[in-house]
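Structure, as structure tokens:
Order of writing sets the labels: A, B, C and D. Residues in every chain begin at 1.
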Amino acid sequence: MDTPDRFHFCTRRTVEFADTDMAGIVYFTHFLRYAATAEQEWLRSLGVRFLATDGTLAGGWPRVEASCRYRAPARWQDELRVALRVREVRTCGFSYDFWIFGPGAPAGEALAEGFCAVAHVALDPATGQRQKTPLPEELRRRLLAPPDQPLPAV
Amino acid sequence: MDTPDRFHFCTRRTVEFADTDMAGIVYFTHFLRYAATAEQEWLRSLGVRFLATDGTLAGGWPRVEASCRYRAPARWQDELRVALRVREVRTCGFSYDFWIFGPGAPAGEALAEGFCAVAHVALDPATGQRQKTPLPEELRRRLLAPPDQPLPAV
Amino acid sequence: MDTPDRFHFCTRRTVEFADTDMAGIVYFTHFLRYAATAEQEWLRSLGVRFLATDGTLAGGWPRVEASCRYRAPARWQDELRVALRVREVRTCGFSYDFWIFGPGAPAGEALAEGFCAVAHVALDPATGQRQKTPLPEELRRRLLAPPDQPLPAV
Amino acid sequence: MDTPDRFHFCTRRTVEFADTDMAGIVYFTHFLRYAATAEQEWLRSLGVRFLATDGTLAGGWPRVEASCRYRAPARWQDELRVALRVREVRTCGFSYDFWIFGPGAPAGEALAEGFCAVAHVALDPATGQRQKTPLPEELRRRLLAPPDQPLPAV
């Protein structure tokens, strides 16, 4: 998977001490959390409302699949950049590739890269159950737009 | 706080790799999680039903206060023993002291010891809100019983 | 990926409250931690020594790749069974498939299934650096043995 | 403990989804992590160098004691403000009080407030062991300065 030069969304975060393990590096599962947190920030920026007026979840975006390839470790205090790019848009969900950049990898290369597929669910008022629900049309349109965000400078 | 020789509840757990940090030891907040997890195991053993029939929380035991004093570190693969003892029983809650024992401390001494106060809340069917609720009488009786569990052998 | 009926290693764990999120289910990254923890328990059972005599890491098993497909959620107090099976053994590492079973899926089906590839690294005394190192011959032999563990009963 | 109007350090953070639990609120131990992360950011701003040139820990600030009182919950997406204030400076460590502010509490009141005491340790080159070490004089001077930071506006 080559690193593209345009993404649908990019964000930054700094590695916290609590994310490290006794090998002195970020524990591997946190990369997937970093990607999922970026995804939520991105969806919010696209107008997705996650919370109902009472503060509970209005619907949800359960994971269908997640994967990550690890190239180089991240360490405490590293300033990371997380970049996402839509891979596929489906009726009731979508998938994206992600890249995590940091000082532990050569310029232009990612520490880690991965993939995540999520479903869109909403509460069915008739049954009180969450069930797969088509993406709102406006969101679908945004997800299908070509990626136009360059990776922010270090 | 001297270490007592009788407790209301004792349990074991093994330190996971993911609980360590780059200092090579268990990150400090996990000791409080170990105590809270022991507390839940203990309350279950006393008959507390946490979950409604639909799998959601029937009520709750929100933290009012938690504290811990750190004597010696815990490390990956350490076999820990967590011991709890009621300090005070109130109308709508209770508090307990806890001790965490492991190989990093001399025999009979705890790696860490702390305190936790919890409130008892339940859903008010009239309002749909969670609110402070008196402890069930049988639970109160059990919490007020003298501690009779010795620390299990290593 | 069909669920096999023999594995190289099976273990159990109970879902902790702290592993849940506000959707009421286990946060998705924890499944990968459950698999990695089972992997470490398995390697220990095969004689791998992770720690040097001073308690620091003797070498390491860094992640090369990890992935998970989510079929059904896990919930607090669920008794999970985690099963691993070698997929490929290489000179300096190996990969395995994993399955996580719990009450949220029909009998015989996994809540989640995934894949993990790990490298074997050891400290090079000459340079003080960790570098890729061939698997010990006895470990390689064990990893190449046919899987013979049935899934434990619920 | 009344909320003061001047602190030694204030910072912001946003609650991540992964920090919530099935009760729909931030799991209680994360408040202590939020305080410890703010502490590290503060010490860095005071010139403390945590890492040796090889990226390993130069010394450390192990916890001696930590506590927290919980007034109101924090929720996903809440914009929190974390404020610290020195309580006591000792030869080889110091303690501070902390307050966590967020939308779940009335203006001017904290969601949670707590206390943390840390020791200062450094590697003894003669023995290779970490041991208690006096605070650097410049750091001591800064810790003893009167708090002069107002809480940032929401």
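One rule holds for everything that comes next: contacts are C-beta pairs under 8 Å (C-beta built on N, C-alpha and C of every residue); 3 or more make two chains touch, one makes a residue touch a chain.
If you're wondering where the values come from, they're calculated on a predicted model, not measured in any experiment.
Visitor: Using mean Cα positions as chain centres, tell me which chain lies farthest from chain B.
Guide: A
Visitor: Quick check: more C-beta contact pairs in A-C or A-B?
Guide: A-C
Visitor: So what's the Cα centroid distance for chain A and chain D, whole Å?
Guide: Chain A and chain D have C-alpha centres separated by 29 Å.
Visitor: Distance from the CA centroid of chain A to that of chain C, rounded to the nearest Å?
Guide: 24
Visitor: Measuring centre to centre with CA averages, how many angstrom lie between chain A and chain B?
Guide: So the centroids are 35 Å from each other.
Visitor: Can you list the residues of chain D that touch 2 or more other chains?
Guide: Residues 17-18, 22-24, 27, 29, 33, 36, 56, 75-76 of chain D touch two or more partner chains.
Visitor: Given the complex with chain A, which residues does chain B contribute to the contact?
Guide: 17-18, 20-25, 27, 29, 75-76
Visitor: Could you pull out which chain D residues touch chain B in their complex?
Guide: These residues of chain D touch chain B: 22-23, 27-30, 32-33, 36, 56-57, 60, 62-70, 73, 115.
Visitor: For the complex, give me every residue of chain C touching chain B.
Guide: 16-18, 24, 33, 36-37, 40, 50-51, 55-56, 75-77
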